[in-house]
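Okay, so here's the structure we're looking at.
Chain lettering (A, B, C and D) follows the sequence in which the chains are written, and residue indices restart at 1 in each chain.
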C-alpha cells in the first residue's frame, strides 16, 4: 500500500476536469505561441475576474521563468528587487534573477512577510549611484512559509511602494490557497499590485502560471521578454485551455478551498494533539514540530518533507495538501497524529 | 467545415497514446523536478537508444530554453557559438542566446546547412582576445528549411570541430523527421555530436525536449544550469512519462515516419504538377512556390504559412505535416494541388 | 635608431600640454568619481561646443566600456543594435555588447559606412516578438576603415532612424580626425545624433572618452549605468582635466588637424608612387597595398600593421598618424614610399 | 587657505615619482593593450615579489572592473561569491557582480572580516541545484572598515576554502596600507590566496590595479575576459610603467607606510583625547565618533566624510590618509583634535 502523500502540491498531474478538457480538444488545430482562441478567452476571463479591463494577461510555463521574465522586463540593469530573506527568488531559484543581471536586496520580514519599515530601510540605505537602485518589491502570496498577507498589510506595502517609487510584484505560486484562506479576491489583489501571477502548477493544472500586468506602464513588449528569456511555449493553447477551465466556473477557487480544507483537518489534529509549530499558517502548508520518535512513526506511513532539525533535536516537518489530497488521506494522517 | 491544417507541427495537443498514458497515471504521486521514476526510466531508455551509457539525459520544457541552457552551460563569457545565417538561435529566438551573454557568429551555409569551410573561415577570422572565441558549432537536424545533414556531412563537421576545438551541438526540434528521412539512428547522431536534443513538442508530445549530453566533460552541474535559466519544471514527470511513451516501443520514429509519409503525398503532387521549390526537402516541411492565383485557391481551403514573396510576385509557401496530419487531409491538399 | 612609428594612434602617452596640466594640478585635492570642478567645467564646455545646453556629458575610461555602458543603458533586454559588418562593436570588442545581453545586427555598408537602405532592410526583417527588436543604429565616425560620413549621409541615417524608431549612436573613437577631415563641427554632429562620444585616447589624452547624450530621454540614471558596468573612475578629475585642456582652446581639433596633415604627407607620396589602396580615406588611417618586396623594404625602417594579404600575394597595410607623429617621421616614410 | 584633506585616498593625482616617469617616457612609442615592455617588466617584477613564478599578472583599469572581470572569469553562471555584508562588491559597486550574472551571498563577519564559521554556514545552507552554488570567497585586505586580516586569519579562511571547494579572492584596493600595517608580504598573501589584486589607485598611481592570479587553473584566457568586460586599456603601458615605478624600489610599500604613519599621528591624538571609535583600525582609515559640536569644529577646517549618525546624535566620521598627506596636514588635524 502506498504512503499518504503530503510531500508537496505538485506531485500529481492535473485536476481530472483539466485532463478531460485537454482530451476533448486534443486534436483541434490552433495557431501557436498563445495567440489561439483558448488563450485569448482565458486572458479575457482573468481580466474580468480581476476587474482590470486594461490589464495584460500572459501565460507562463513555470514560476521561476515567470519571475525572471517579469522582473527583468521591469528593471533597468542597475535596478534591484527587494524581497524577504526567505523569498523564493532569493533562495530557491538558483540565482535566476541575478543571472538576468539584478541584485536581490533583503528586507526585514516577520512570519515570512516583508515589513513596510523593512522596505523603507532598504530604500534609505541605497541613496546614490554607487549602490543599486531599489525598483521592485517582491512578495509571495501565500509566502514560502504558508502565511498570508491581509488586505491591510498589502495596502501598507502599496503605500510604501508609492512612497519609494517601487513596483509591487506578487509571486502567486500558491495564490489560490492564499486568497481562499483570507477571503481575498483577485480584484482585491489587483487593486494594490502592479503585477502578479496566478499559480496554476500547484493548483490543479499540469503546469502554467497566468501573469497579470495591471499597470499599463509595465506592459510594453512583454511577449518579446517572454521569448527572450526562453519562456514562450509553442503550444500556448495548453495553458490557455487549462486556465479557461480553471476559471470559467471558478473551479480554481474550489480546488484551493479543498486543499485548505484538507489542511484544516490536519491542523485540527495537530492542535488537539498539542504539537507546536515552527510557523503557524492558515493555508495548505503546515509546519508542526515533532520529536524524532513522532517523526519516525509518521514517516513510516506518510510522505512529507523534513524542513529542518531544531537545536534540541526535534524535527520541523512540512505537510502540504492540494486539490489531489483525498479526505481519506487527510483523515488517516489526522488519526495518526492523534495517536502519537 | 474546418480547413486542412498544414500551418505547423505543433497545432494540436499530443499523440493519443501520450494522452492516454497521462490520463492513466494522472493521480499517481511522484516527487518533483524530474527525479521521479518515469523520468529516470526515460533517461535510461534514451541513453540505451543512443548507445551512450555515459550520456546524461535531461528533460527540457521547450526548444529555446533548451538551447540557452546548453549553450550557456558550455561556454565561458567571451566564447561564441557558430550557426547558419538562418539558424533558429540566430533569428527566431529573440536574442535569447545573446541575452545569456554570447555572440552568435554566422558561418557560410548551403541549403540551410553549415559548411565545414564556413566554420573554418569563422575560426580563422577570430585569432585573438580582441574578438570572441568560437567555442560551439550549432546546427539543426533537420534544418530550419527542412533539409537534412547526412552522416557524411556530420562526420565532416565533427572533423572540423575537432580541428578547431569546437563543441558540436545539434538542435533537434525536428529530429524525428530528420532521422527517418535519411535513415539515421540516434546512435549514429550520438557518435558524432557532443550534445543534442530530441524534440518532443513537434513530434507527438504536449511539450518537452530531451537533452542528450554525450560528452562527459560537458555534463557537470547541468541541473543547476536548467534551474538557473528558469527551465526546470516542477512536474518533471510529465516529460519523463511522455518520452518514455515515445520511446518504449519506438513510436517516436513511427510518428515521424507518418509525418514524412504525409509530406511525401504532398511532394508527389507538387512534383506532378511541376511546381518549383524555394528549397527542396526530404522531411516534413515543404516550400513550393505558387502564383498568387494558386495561393488564393489553396488558401481558401487550407491553412499554411506564406514564407515570402519573390521579386516576381510569386509566393513561397510552407506546408508542414505531423503525426496529426490525416491521410484524408494530405490527400485533399494533394488533390487541390493537382487541380491548380 | 628607432623605427618610424605608424602602428596606431595610441602608442604614446598624452600631448605635452595635457601632461603639463596633469603635473601642475597633481597635488590638488578634489572629490572623486567625476564630481570635481574640472569635470564639471569640461562637461559645460563640451555642452557649449555641441550647442546643446540640455545635453549630458560623462567621462568614460575607454571606448569599449563607453559603448557597452551607453548601449546597455539605452536598450531593453530584447532590443538589438544595428552596425556595419566591420563595426568595432561587432568584431573587435570580444563580444562585450553581447555580454551585456544584446544582439548586434549587421546592416549593409559601403566603404565601412552603414547604408540607409541597409538599416531599413534589417528593420523590415524583424517584425515580431520571435526576433529581436532593432533599437539603436551604431556608426563610427570616422569608420574602422578610415572613411567619414558626410553631413548629408548623417542626415539620411537620421531620417531612417526617425522612420524606424531607432536611436542614432556614434562611436567617436577617432572623432577628431573625422570632424577635421570633412569640416564637420561638434554642433553639426550633435544636431543629428542622439548620443556620441568624443574620443580622447586616440587624440592626445592619456585615456578617456567624453560621452555626449543629446537626447534627454536617454539621460536618466546614466551614472548608475557607468558604475554598474565597472566604468566609473575614482580619479574622475583626470578625464575632466584632460578634456578641459583639449577643448578650452580647441587644441583637440588642432591635434587632429596635425594627424590628418601628417596623413596627407603620406597620401601624397602614395599617390605619386601610384600605389593602390585597399580603401581610400581622408583621415589619419591609410590602407595602401604593397608588394611583398615593398612591404619588406618599408617594414625594415617603419612600424605599421599588416592589415591583410590579398589573394595575389600583395599586402594591404595600415599607416596611422597622430598628434605625436612628427613631420620628420612622416617625411621619412613619404620619401621611402617614393623610393620603392 | 584650503582645508586639510582627509576625505579619501584618491583625491590627488599620482605620486610625483610616478608623474616624473610618465613625463620621461611620454613620447616613447609602444604597442598597445598591455603587451609593451613596461607592462611585461612590471608583471615579471610583481611575480618575483610574490614569489610565484607561475602567477599571471594583469593590469586593470579600476577596482570594480577588476572585481567583475575576475569573478566572472572564475564562476559558471549558477555559481555565487561569498562576501561580508559590508563587502565592496555587495554594497558599493552598483550591482556590478550581479550584472555579470552572479549572486553575492553574505557570510557572518566581525570587524568587517569574514568569519570561517560564517563561510561554512553559507556553504552548508546551499546543498543542491535549487540554490546557487558558492564558488568564491571574496575578502578585502584591508577591509572596507580599515581592519586587517592577520596571516593566521587568512590561513583559517584558506582552510575553509579548501574544505568547501572555494576560490579565495582578495580585493586589494588598499592592500599597501594593510600589508604594512601587519607586516605581511606579497609573498605571504600569495601563499594563501588564489587570486588578489594590488591596488594602485589608492596608493600613488593615477589609476590601475595589478591582478595576480596565483592559481594556474584560473588563468586561462583572462585577457579575453578583460576585453569582454570592457576593461582593457589601449595605452596599457601606463599601468605597466606606473606599477614598475611603484615596485622597482619598493616605493609602493614606502608610500603605504607614509599613509599609515600619518594615520598613526591622528590615532595618537584621538586616543589622547579619549575619543571612542566606531571601529578600531590599524590602517589608513580611522573612524572616530564625534559630538556634533566636535564635528562642527573640525569640519570647519578639515575635509572628511561623515560616515553615519549614531542613535544618540553623535557622528561617526572617517579620516583617510594617503601618500599625499603631509606631516603638516596630519599635525594640524591632530592638534585640532587635541583642542576639542
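The criterion applied here is as follows: a contact is a pair of C-beta atoms (placed from the backbone, for glycine too) under 8 Å apart; a residue touches a chain by one contact, two chains touch by 3 or more.
From a predicted model like this one, the values you see are computed outputs, not experimental measurements.
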Considering B-C alongside A-B, which chain pair is linked by more C-beta pairs in contact?
-> A-B
Which chain's C-alpha centroid is most distant from that of chain C?
-> A
If you average the CA atoms of chain A and of chain B, how many Å lie between those two points?
-> 33
Can you give the whole-Å distance between the Cα centres of chain B and chain D?
-> 51
In angstrom, rounded to a whole number, how far apart do the mean CA points of chain B and chain C lie?
-> 43
On chain C, where are the residues touching two or more other chains?
-> 77-78, 93-95, 99-101, 129-130, 132, 224, 227-229
In the complex of these two chains, what residues of chain D are touching chain A?
-> 77-78, 80, 91-95, 98-104, 129-132
Using the touch rule from the top, collect the residues of chain B that touch chain D in their complex.
-> 33, 72-73, 76-78, 100-101, 129-130, 132-133, 221, 223-229
Please name which positions on chain B make contact with chain A in the complex.
-> 2, 5, 7-8, 10-14, 16, 19, 22-23, 25-32, 61-65, 67-69, 93-96, 99, 201-202, 206-207, 224, 227-235, 238, 303, 324
